[in-house]
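A, B, C, D and E label the chains in the order they appear, each numbered from 1.
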Amino acid sequence: MIEIQNVRKSFGSLEVLKGIDLTVNKGEVLTIIGGSGSGKSTLLTCINGLEPIDAGRILVDGTEVHAKSTNLNKLRSKLGIVFQQFNAFPHLTVLENVMLAPRKVLGLSKEKAEENAVKQLTHVGLGEKLGVYPTRMSGGQQQRMAIARALAMSPEYMLFDEVTSALDPQLVGEVLDTLRMLASEGMTMICVTHEMKFAREVSDRVAFFHKGVMAEIAAPEALFGAPKDPELQKFLAATH
Amino acid sequence: MFSYTFHWNQALKALPQMLDGALVTLQVALLSMVIGLALALALTACRLSGNRILGGFATAWVEIARNTPALFQIYMAHFGLGNFGIHLSPYTALLAGIAFNNAGYLAENFRGALKAIPDTQARAGRSLGMTPVQAFRYIVLPQMLRIAFLPVTNQMVWAILMTSLGVTVGMNTDLAGITQELNARSFRTFEFFAIAAIIYYLIAKAVTLGARLLAARMFRY
Amino acid sequence: MFNTALTLADLGFLLQGALMTLAVTAVSVTAGTVLGIIFGVVRNQVGPYWAAPLTFVLDIFRSVPLLIQLVLANAFQAIAKLGWAPFTTSCVVLSLYTAAYCTEIVRGGISSVPPTTRRAARSLGMTWWQDMRYIVAPLATRVSLPSWIGLTLGVMKDSALVLWLGLIELLRASQVLVTRLQEPLLILLICGAIYFLISFPIARLGGYLEKRWSND
Amino acid sequence: DKLDDVIGSGTLRCAVVLDFPPMGSRDENNNPIGFDVDYCNDLAKALGVTAEIVETPFPERIPALMSGRVDVGVASTSDTLERAKTVGMTIPYFAFEMAVTANEKSGVKSFEDMKGKVVGATAGTFEAIALEKQVKEWGAGEFRPYQTQADVFLALSQGQIDATVSTSTVAQANVKGGKFAGISVVGKAPFDTDYVALFTNREEYGFINFLNLFINQQVRTGRYAELYEKWVGGELPDLTAKGVYR
Amino acid sequence: MIEIQNVRKSFGSLEVLKGIDLTVNKGEVLTIIGGSGSGKSTLLTCINGLEPIDAGRILVDGTEVHAKSTNLNKLRSKLGIVFQQFNAFPHLTVLENVMLAPRKVLGLSKEKAEENAVKQLTHVGLGEKLGVYPTRMSGGQQQRMAIARALAMSPEYMLFDEVTSALDPQLVGEVLDTLRMLASEGMTMICVTHEMKFAREVSDRVAFFHKGVMAEIAAPEALFGAPKDPELQKFLAATH
């Protein structure tokens, strides 16, 4: 369970998160939508502990992320995160990309790590690309590799930050399919996305962010069918 | 046009001696690169450390190395330090001068290479649970070495060329030293220096070619 | 160290040396740049195959120590009875040396202009020359200027080697004073400081331009 | 030929080495002075022209001549056979005896004490070649050639080298100059006398003839002795070798 | 009138245009659609004389483009072309971008060129941006500037090569509006585009390219309503 309690965060004088309260249960798929700069990415990086917060608490399975005593590196292996930019490690093959962290962070043996990596890569449909360098792959393939890389740490939660927005339109589908598959397998996920159709279809709940505030949160049918927040209405009108 | 008659066959007699000198040249250049690389890494670490004194020290080193002539640096290593009773043999002074120079230029290269690697790379590593040191060691460093490889190769060629400055501090076993001595004895400047030029050219080419082959093997992405 | 026999006249002598350094640098960088631009454009225009001889010759200037080049050129002009003064010989060698590096910089600058931009210029009816003059030249200059400044500084430092031909430039002037006054450390430090004072501002200017031009 | 050219042009350009006191050096205003400078002026006077001193480092003497930048070398050049293959040498105009100068801390008291020590000399000179050979014969110690005489004495006074062999004139001038602390002339080196000659282009016989006669006249008129006294002092070296012509 | 007669063109061993025949009349708007690599861009650059052709002829108002005797630079001022990449000259302001070619190629005086440039820029809605550098403008604005730059040469024909495909979705509209305006003013235009709605609405005829062949050409209603070529049917099905 991820519990976000009254979290505030500023960059200099710019307040980016203005007191967010949100709980994500095991097995749930939560989608976050919202305009550019509304603080969606910032929230994800705070959950992961990549950014400090100014006030409030974030608990992952009861562990406070920003407490001094927390071993962040250990916690992070529980929380997979995939970003908009693919962030493939260009100097490693696809297989090596996926094997690196399990070996160095979890201390897996080479054989174990490889076995697991091959499994995850096959899972996302890259079983044929093991020895290839990421720069030789399409954006969609690189993004799926990034997902496999996160999955290889056997995380209990996955955070996705607009994983399709840097992709050419024809490549979006293959990545969304991978996300759908994960959702159907019961992975707990928080997805920031601009793909409304996907959000509607896959989410248990959808949250709408506006200027650092979570303006509305509801089941997809309710949120898309009968939006209450006027900003959300505007936002939905603009997106289609 | 030429009233000068070339004495090539006499000059060529000295070829074995000059080739021995070429070996010394190569040795000094290689050593100066190894030391220079180690120092450059240390300087880069100093500059990244955020410590003012270390950072200032490293910056001063880099700026002096890059803004004064290599000849001056070598001369300083011999006669400048000699003033304080620190006596470096010509070989050591030459090596120290070039290594000092190399370290300055290489540190600057490393800095450029680091800048070229997006922050998101280290961040991606951290998000997988790596410590900052692990993220640097396994993700940033290998990419940095690739970017810096070409400049490092160029610096190696520079190091070879710089060894010729050893003659100013009494170095007489390297290629330039031997050439200069042969020349002083016989006054056959053109012949000896032409042979030396060809040898230097071949060494430089061999190093560039070797580096290129090495790069092709090392960086396959 | 501070009871020095160094007189004002000696400082003047050092400055004269510095002027010689600057003169050799100015002449060589100017001539070398002009040559470098010509060679760079030619290399870009004729393709790697036809440019191979030029590439080879220029590569020699970058693969042989400058000291050897200077002595060799001086011996050659002697043999050929060209009667060049050391200043001339120094400038000729340094110019070609500069040109060899400058060619690479120019070539890099030209190829940094996207072909699509040049194509757009041609599609507006501009001639090759107009494209070069109004589009390529300004854009390539921005890209090349930082490395060109680096080259200028490099040539200024390398010009110390012309002392070998008997030119009294900055380093040689200090050696003369060291010979007479026997205060090597002080004099060499002053010499180094003068080098630093000349090159540091130029290096800073280069860094400034690089920064300014890279964020637009 | 060159003799006519020089007289015709009205100037005589001499290659002189200026970091080789007392033969050539600079005064407080950094103007050239020394035995070789005066010698060149005398030669110009004999030719009825004005002299121009062209400073040349040791390695630059020959290219300067070959390229026609100077007419004659008045530059303490040893008359080795090796070099005579390249340039035309006159009869000796000066002769050096070799002296050992040592750093007082080194404990070198004589030529033999140099065995096993670090020694140096000016690269390519007569004494450097002989000394290097001697070090090889001893099989101990180290030899370092420096590019200028000044660097040798600088290294000696800093203790980078323990001793040097140089011409006695140079040794005296440097030690007496008082600029270098802690060095002294400790004895003679058992090398042959180093005869130095004027040189010009190999094929200029007319000019070489003139130069030979001029050197002869300098000795006969006592000018040689006068200059020697002015710049060096002491016992006048003999310019002839016994038992042979020239 | 642009007459394209049996034009063939290869890059190395790859035949990109396999005998194209096509005539575009004064005042006509022709749209070219087709898959990636079908040779659309190549045809445009051949019409403009930027690429040589291997066989056939291209006549513009009776002048053969690839004849040795043709003054290409003069001819090109008749044929405006705008590419997918904006190709703004980054070192010149918007106004200077537009003034450059008229001054240097047509030899206009500074005043004349400026007057004309301001007119064209105002026409495409950039009247306020004269002194701005292109790098500070959005892609849509840069593309409209490129159109104004081509128009400033007073061309009789305009060639557009996927001028909207490098743009963010929200910027596509403003550029298409500019093209619509030009079409309504009677400019003769050849537009390569992936915007089917636009093609349908603005074209007199639409041509479908497939692997270097012009597989079908017809009025938009016929081509979109009742496609005959099986490849075209597939293509249209895929695009929506």
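The definition used in the following text is that a contact is a pair of C-beta atoms (placed from the backbone, for glycine too) under 8 Å apart; a residue touches a chain by one contact, two chains touch by 3 or more.
Remember, it's a predicted structure, so these values are computed and weren't measured experimentally.
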Intersection of contact partners for subunit B and subunit C: D
Steps needed, at minimum, to go from subunit A to subunit D via contacts: 2
With subunit A removed from consideration, the chain sets that still hold together: one piece
Whole-Å gap between the CA centroids of subunit C and subunit E: 46
Centre-to-centre distance between subunit E and subunit A (centres being mean Cα positions), rounded to whole Å: 42
Inter-chain centre distance, subunit B versus subunit E - centres from mean C-alpha coordinates, in Å: 54
Of all residues in subunit C, the ones touching two or more other chains: 71, 74-75, 78-79, 81, 178, 184
Multi-chain contact residues (two or more partners), subunit A: none
Numbers and ranges of subunit D residues touching at least 2 other chains: 59, 62-63, 66, 154
Pairwise chain contacts, counting only pairs that touch as defined: A-B, B-C, B-D, C-D, C-E
Residues of subunit B that touch subunit C when the two form their complex: 1-4, 63-64, 66-72, 75-76, 79-80, 82-84, 157, 160-165, 167, 176, 179, 189-190, 193-194, 196-197, 200-201, 204-205
Contact footprint of subunit C on subunit E as seen in their complex: 45, 48, 50, 73-77, 79, 81, 83, 85, 87, 89-91, 100-101, 104-106, 133, 135-136, 146, 149-150, 153
Interface residues, subunit C side, partner subunit E - complex: 114, 116-117, 119-127, 130, 134-135, 138-139, 142, 216
Subunit D-facing residues of subunit B, complex: 3-4, 7, 78-79, 82-83, 85, 87, 89-90, 167-170, 172, 177, 180-181, 183-189
Residue ranges of subunit D touching subunit C (in the complex, touch as defined): 18-19, 25-26, 28-30, 54-57, 59-60, 62-69, 148, 150, 154, 157, 179-180
